[in-house]
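Letters A, B, C and D name the chains as they come in the text, with residue numbers starting at 1 for each one.
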Amino acid sequence: MKIPLYHYDIMKEREIQQPVDFNRHRRLKHTDKTFKAEISSITTLTDMEKLFHLRILDEAERERFTFLPGQFVMLEVPGYGEVPISISGSPSNKGLIELCIRKAGTVTGVLHKAKRGALVGIRGPFGTHFPLEKMKGYDILLIAGGLGLAPLRAPIFAVTENRPDYRKVDIMYGTKDPSQLLFDYQYEQWRRIDGVNLHIIVEKADDKWTGDVGLITKLFDKIEIVPHETYAIVCGPPVMFKFVCAYLSKIGVPMDRMFVSLERRMHCGMGKCCRCNIGSTYTCIDGPVFDYWTVMNLKEAI
Amino acid sequence: MRYLSIEPTKPKVAVFDFTSCEGCELQLANKEETLVDFLKAVEIVNFREVSSAKSDDYEIAFIEGAVSRSDEIERLKKIREKARVLVALGCCACYGGVNKLKNAFDLSTANREIYGNYPKDSMPVRAIKDVVPVDMEIPGCPVNKEEIERIIQHLLLDINYNFPVYPVCVECKQKFNVCMFEKGQLCLGPIARAGCSAPCPTGGLGCYGCRGPAADPNYDEFFEIARRRGFAEQEVNERLSFFGGFNGIAMGVQK
Amino acid sequence: MKTNLNVDVHHLARVEGHGNIKVKVENGSLKEASWEVVETPRYFEFMLKGKHYTSAGILTARICGICSIGHCLASIRATENAFGITIPEAAQKLRLLAKHGETLQSHFLHLFFLAAPDFVGLPSAIPLVDLKPEIVALAQRLKGMGNRICDAVAGRTTHPVSLQVGGVAVMPDKQKLLDLKGELEGSLEAMKAVVELFKTFQIPDFVRETEFVSLKGEKDYPFIGGNIVSSDGKEMPEADYRKVTNEYVTPNNTSKWCKFSRASYAVGALARFNNNHKFLHPAAAAIAKELGLSPVSHNPFMNNVAQLIECVHAAHDSIRLIDEIVKMKPATQTMEKVQAKAGTGVGAVEVPRGILFHCYEYDKNGYIVKADCVIPTTQNNANIHFDMGSLVEKFASAENMTDEKLELLCSMLVRSYDPCISCSVH
Amino acid sequence: MLFKLLDKDEFKNLVNILLQSNEVIAPKQVGVNVTGKTLHQYLPVTSFDEIDLTYETTQYSAKTYFLPYKENLSTYRFDEKDWKQEIRYRQEPRVMLGLHACDIHALLKLDKVLARDNFPSPYYIARRKNAFIIGIDHEPCEGGFCRSLGTDTVNNGFDLFLTDLGERYFVSINTDLGYRVLLQVKTKDVTEEDTRKYLLTRKSISDAFQTHVNVQNLPNLLDLEFESKVWNKWGQKCLSCGSCSMVCPTCYCYGVTERVSMDFKSGAKVKQLYSCNLVDFATVAGGHNFRPNRETRLKYRYYHQHRGFVESYDEPKCVGCNRCGRVCLAEINPPDIIRDIQMEER
């Protein structure tokens, strides 16, 4: 006598047969299925950073892929690895995903070698986003330090493309030295937009630099802030956003109206690998965008 | 790699042996199932152990063994001049390996006892990096061929290869092994660097630390454990000095 | 006839370790024909002093990356003899199986990768990947099989871990062994293809009479322990190995030389064959006949053939051993309890390149006081040197002899011994 | 839940029948330790005699049969200029025989994270749904504090659950499949006397617990004691070897690496279980390590177990099996740490 136990086949589940949509968190799906994407264009920004334009090949997948500013994707170079990268482009630019990538590890190393036409994989989008809806009707401060301009570029697009929804917009950007300034070809364009002010500062000037020199907080001297009428998005290294947020908090901007994007190691983007845990919070699910009050309450966040 | 629009290259590779057992070189010819693919991925232009062809035109030089004689220093310096990338292959090249154990003895006594009236040229053993700059160190006694394959793949693209930094315990546990300490054996697993897949504890032998120390090893607690479990200082120190990776670390020495 | 010949090989290729060949013929007369071992000495016998018995086998395995299992076996046997330990039967079988694995790995490495290129006129086996992929596939398969046996039984291919004083630390997985058995059975056919390949090789016609030393078979082809026997009719227990080896130092060699009844003697596959051919598996004996090797052969180049014959024997014997091991009960003991005590012990093992001796003197706590290792290639070096002189004398006067041709011939002679030079210096 | 009685001979029949056409994983003795204590592991078995249901505990949890230490998340085939991704979840049905209540609770906890929360894992679900689980009651194991966590008994998450009543097993049947499997052998109906005997057995097991830990107020306490010296004390001992996570029945964190075959024709995305105690757990590209110290890493392990998980699922992640405490060479164990945090006298 034999008892063969029946086989449960997950592939027969109705849910898993639906097209993969990472925006639908609870639905059973092929969690590691990547959307094949082509690197359609590469722009060299600095010695260390390049901007990659990615286009999802499958038309239906491309159509379904939507994201909000602040979200990130897991970018996979098949055979070499996967890394979380925040989306730098505009959400309205359908089907085109812009990723600004610094050469730092194996995967990003390979990417910097790759050429136009390379086929990579994308999963996502993942994570929380900047609350651009809530920010409507307020003064907006968009502040970035260093590579922080990469995630900040998405809300810059969102705000400038929907200019009438927001009041005064101040973009503040600081880097160590002029050679590290990202997206310098876009500054002029941003500056020309009515009611958008762009302030740039470097810590150390070179021969050609004629602008401001110092820490990013120095730029606050030039800006008029109405604390209770302001929302702020701050992207950059922890030390930087800590000082910036502390200043804003001191002048009276509520902590839950300042938003930061945290960087952590991530291997899944789906609240499973635990690598991005801060205490009991998953940066990939509950973040990467947090309001400053939450960050203050997360031990070890900064 | 064409899917990344990268044309694969075929670097010229040379393999040289110094004071060693040539076991690490042998690993290059092992793992038979992928040997042909391995040989197709690189162009071996100089590899005395398996080929009588000799060329000085190479980009990557793998060095097996430690340095223990004056002529080896000269040979090594010449190789360094020619190689774009110099890789220390195996524990002897990285740390001196077991050869280093001889440094504890007086060489002239050893020479007299073994070679009598015809003493041989020899000097205290040194790792490759103590003689010339090294671009990459591949630890292990012997090296792990699977890791070599991955390293080669990284060298082809000129990107960094990250060695595991955690201790052997991780890989040992993932083999479902009973802890060697539980079986009453001494094991350097908790402080030694992994990447080997723990063949020794799996085969019933406590780790000897051939890949050197893990990142941030907790020596104090390790010594405390050894003491509590009744291992003599001599035994622990013999283990630590065995492959030369734990240079200067010893139990019972005031820091 | 060319009267002046000059051969100067610095660091001979396709051998393990560093050795030089120097030959000088002036005006038709031999001035010099020498084999020099210039490997850096590592002083293993000194390193062993003060080491715990548990480390001796691990340390001495590092004498050689090719025959590490042989060293480990000789080492732990010496220790067991010093402590008076008899290991369980299962462990004896496992050790022999591991040794067969090493023999297969080492012999096929030598035959295909080190020796064969000379017979087909290539600098190495690497070009064969494109030229003769079927031969490379054969080599991979057979050498790989040896490695897989070592992996399964000794825990690793190079530098074993499970072979320990007292026995073998873990019983290999049954299924793995059965898989290997299937592979071994399948390999017998493949080995016939190797025999056919070898028939096409032209083996130099050269004979120099010498003494052959090996372990003596009682019922089986000898492999681990027992008496030492010589083709000159002498016999003694392994413990008296020093009376056979008589090591001495020469000025130009970092390896010692040995002599027994004559100025030199030979060990290795050919010596084992010459002394113990009657214990070979019938299939192996048949292949000896097929390849024209009959005892007692004094042609050193025939060592290659003897190695191939031993591979066939080892494969058959491995199948027998696996059958016996898998029949054992699940909880069969493979380790004997070890109690260290003061004393001296010798371990003699027939490793791929010949008979290997380890001898340790222990204090009462199991720490080594004195150690001595005599390696097969150490025993062969003098014989190689004298063969070289004889070889040059015979062939120097041959028609069309050139420096290159003589260099190849001398190199082939050295390679036919499959010398393990680092080993011999230790 | 239905209940039946199963004679031990009949149980043997049942196991033999299951063995005929299914893989069976069961506790098996793998040797003795240096003090002579028997060691057990959950391993594949081929005959009833290999199984030892009287085991105290196993070195490792049964986790690996649901969350393997290493698995391919996807594989790739590379051709000239393109690649193809392949994903497989297939798992043949498998019998998990002789799991203790704590191990079944562990699966229930893993279900919460891996099967019910955001992004359910098809890899896990495929294994979980193809496991036929037969649990068994047991005397408390040394140092086990499952009773304090309410994981000493279990009401679901299994197909059959056995309680040893001497000559026979008292069987709790939790699933339709369990019921049907049991139909293959002779069972008896439960009498009042059997029920009484069963309850007495349960009570005697319950009374036998020696180790108790108060976990009620831990989530708050852990926040309060974030800077406590307790972490330095235990952190200094930690070897950062990850052994605790490897044997833990509920630790699920992992790392992903990818590899390419030597012929560059295929590749794989490999998931490997990791541990938050390992030095580079929180190191980001570029080198910054968010948790460079042993004590911080150890602290976060406890934070996840007793605070984070509670916040998300209203229960600790820990099941009180104390495998981590037993495997730790530095003798770091949850009961001692928790008592220290609560500043209790020992």
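Keep this in mind: a contact is a pair of C-beta atoms (placed from the backbone, for glycine too) under 8 Å apart; a residue touches a chain by one contact, two chains touch by 3 or more.
A quick note: this is a predicted structure, and the numbers were derived from the prediction, not measured.
Peer 1: Looking at the contacts, which chains touch chain B and chain D alike?
Peer 2: Touching chain B as well as chain D, we find A.
Peer 1: Considering only chains that satisfy the touch condition with chain A, which of them also satisfy it with chain C?
Peer 2: B
Peer 1: Using mean Cα positions, find the chain sitting nearest the overall protein centre.
Peer 2: When every chain is reduced to its C-alpha mean, the one closest to the whole-protein mean is B.
Peer 1: Quick check for the class: compute each chain's Cα centroid; which one is farthest from the centroid of chain C?
Peer 2: Ranked by distance of C-alpha centres from chain C, the top chain is A.
Peer 1: Weigh B-C against A-B on C-beta contact pairs and write down the one with more.
Peer 2: If we tally the C-beta pairs in contact for B-C and A-B, the bigger total goes to B-C.
Peer 1: Cα centroid separation between chain C and chain D, in whole Å?
Peer 2: That pair's centroid distance is 50 Å.
Peer 1: Roughly how far is chain B from chain C, going centre to centre by Cα mean, in whole Å?
Peer 2: For chain B versus chain C, the centre distance works out to 25 Å.
Peer 1: Return the distance between the CA-based centres of chain A and chain B, expressed in whole Å.
Peer 2: Chain A and chain B have C-alpha centres separated by 42 Å.
Peer 1: With centres defined as the mean C-alpha position, give me the chain A-chain D separation in Å.
Peer 2: Spacing between the chain centres: roughly 37 Å.
Peer 1: Hey, what residues on chain B touch two or more of the other chains?
Peer 2: Residues 3, 40.
Peer 1: Which residue numbers or ranges of chain D touch two or more of the other chains?
Peer 2: If we look for residues of chain D contacting two or more partner chains, we find 78, 81-83, 259-260.
Peer 1: Do you know which chain A residues sit against two or more other chains?
Peer 2: Chain A, residues with two or more chain partners: 77-78, 105, 119.
Peer 1: Among all the chains shown, which pairs meet the touch rule set out at the top?
Peer 2: Here the touching pairs of chains are A-B, A-D, B-C, B-D.
Peer 1: Can you name the residues of chain B that touch chain C in the complex?
Peer 2: Going by the criterion above, the answer is residues 17-27, 29-30, 32-33, 35-36, 39-40, 44, 47-54, 68-69, 72, 97-99, 101-102, 105, 107, 110, 113-118, 120, 122, 141-142, 199-200, 202-205, 208, 234-235, 238-239, 242.
Peer 1: Along chain D, where are the residues that touch chain B in the complex?
Peer 2: Interface residues on chain D, with respect to chain B: 30-31, 33-34, 39, 41, 59-60, 64, 69-70, 78, 80-83, 236-243, 246-247, 259-264, 272-273, 275, 278-280, 294, 327, 329-330.
Peer 1: Any idea which chain D residues touch chain A in the complex?
Peer 2: 17-18, 20-22, 73-74, 76, 78, 81-83, 85, 87, 89-90, 92-95, 113-114, 117-123, 125-126, 129-130, 132, 177, 181, 184, 223, 226, 252-260, 267-269, 274, 276, 281-286, 290-291, 296, 300, 303-304, 307-309, 311-312
Peer 1: Provide the residue numbers of chain B that touch chain A in the complex, in ascending order.
Peer 2: Those in contact with chain A are residues 3-6, 154, 157-162.
Peer 1: List the residues on chain A that touch chain D in their complex, please.
Peer 2: Checking each residue of chain A against chain D gives 1-11, 16, 25-26, 28-34, 36, 76-83, 102, 104-105, 108, 119, 121, 263-265, 267-268, 270-275, 277, 279-281, 285, 299-300.
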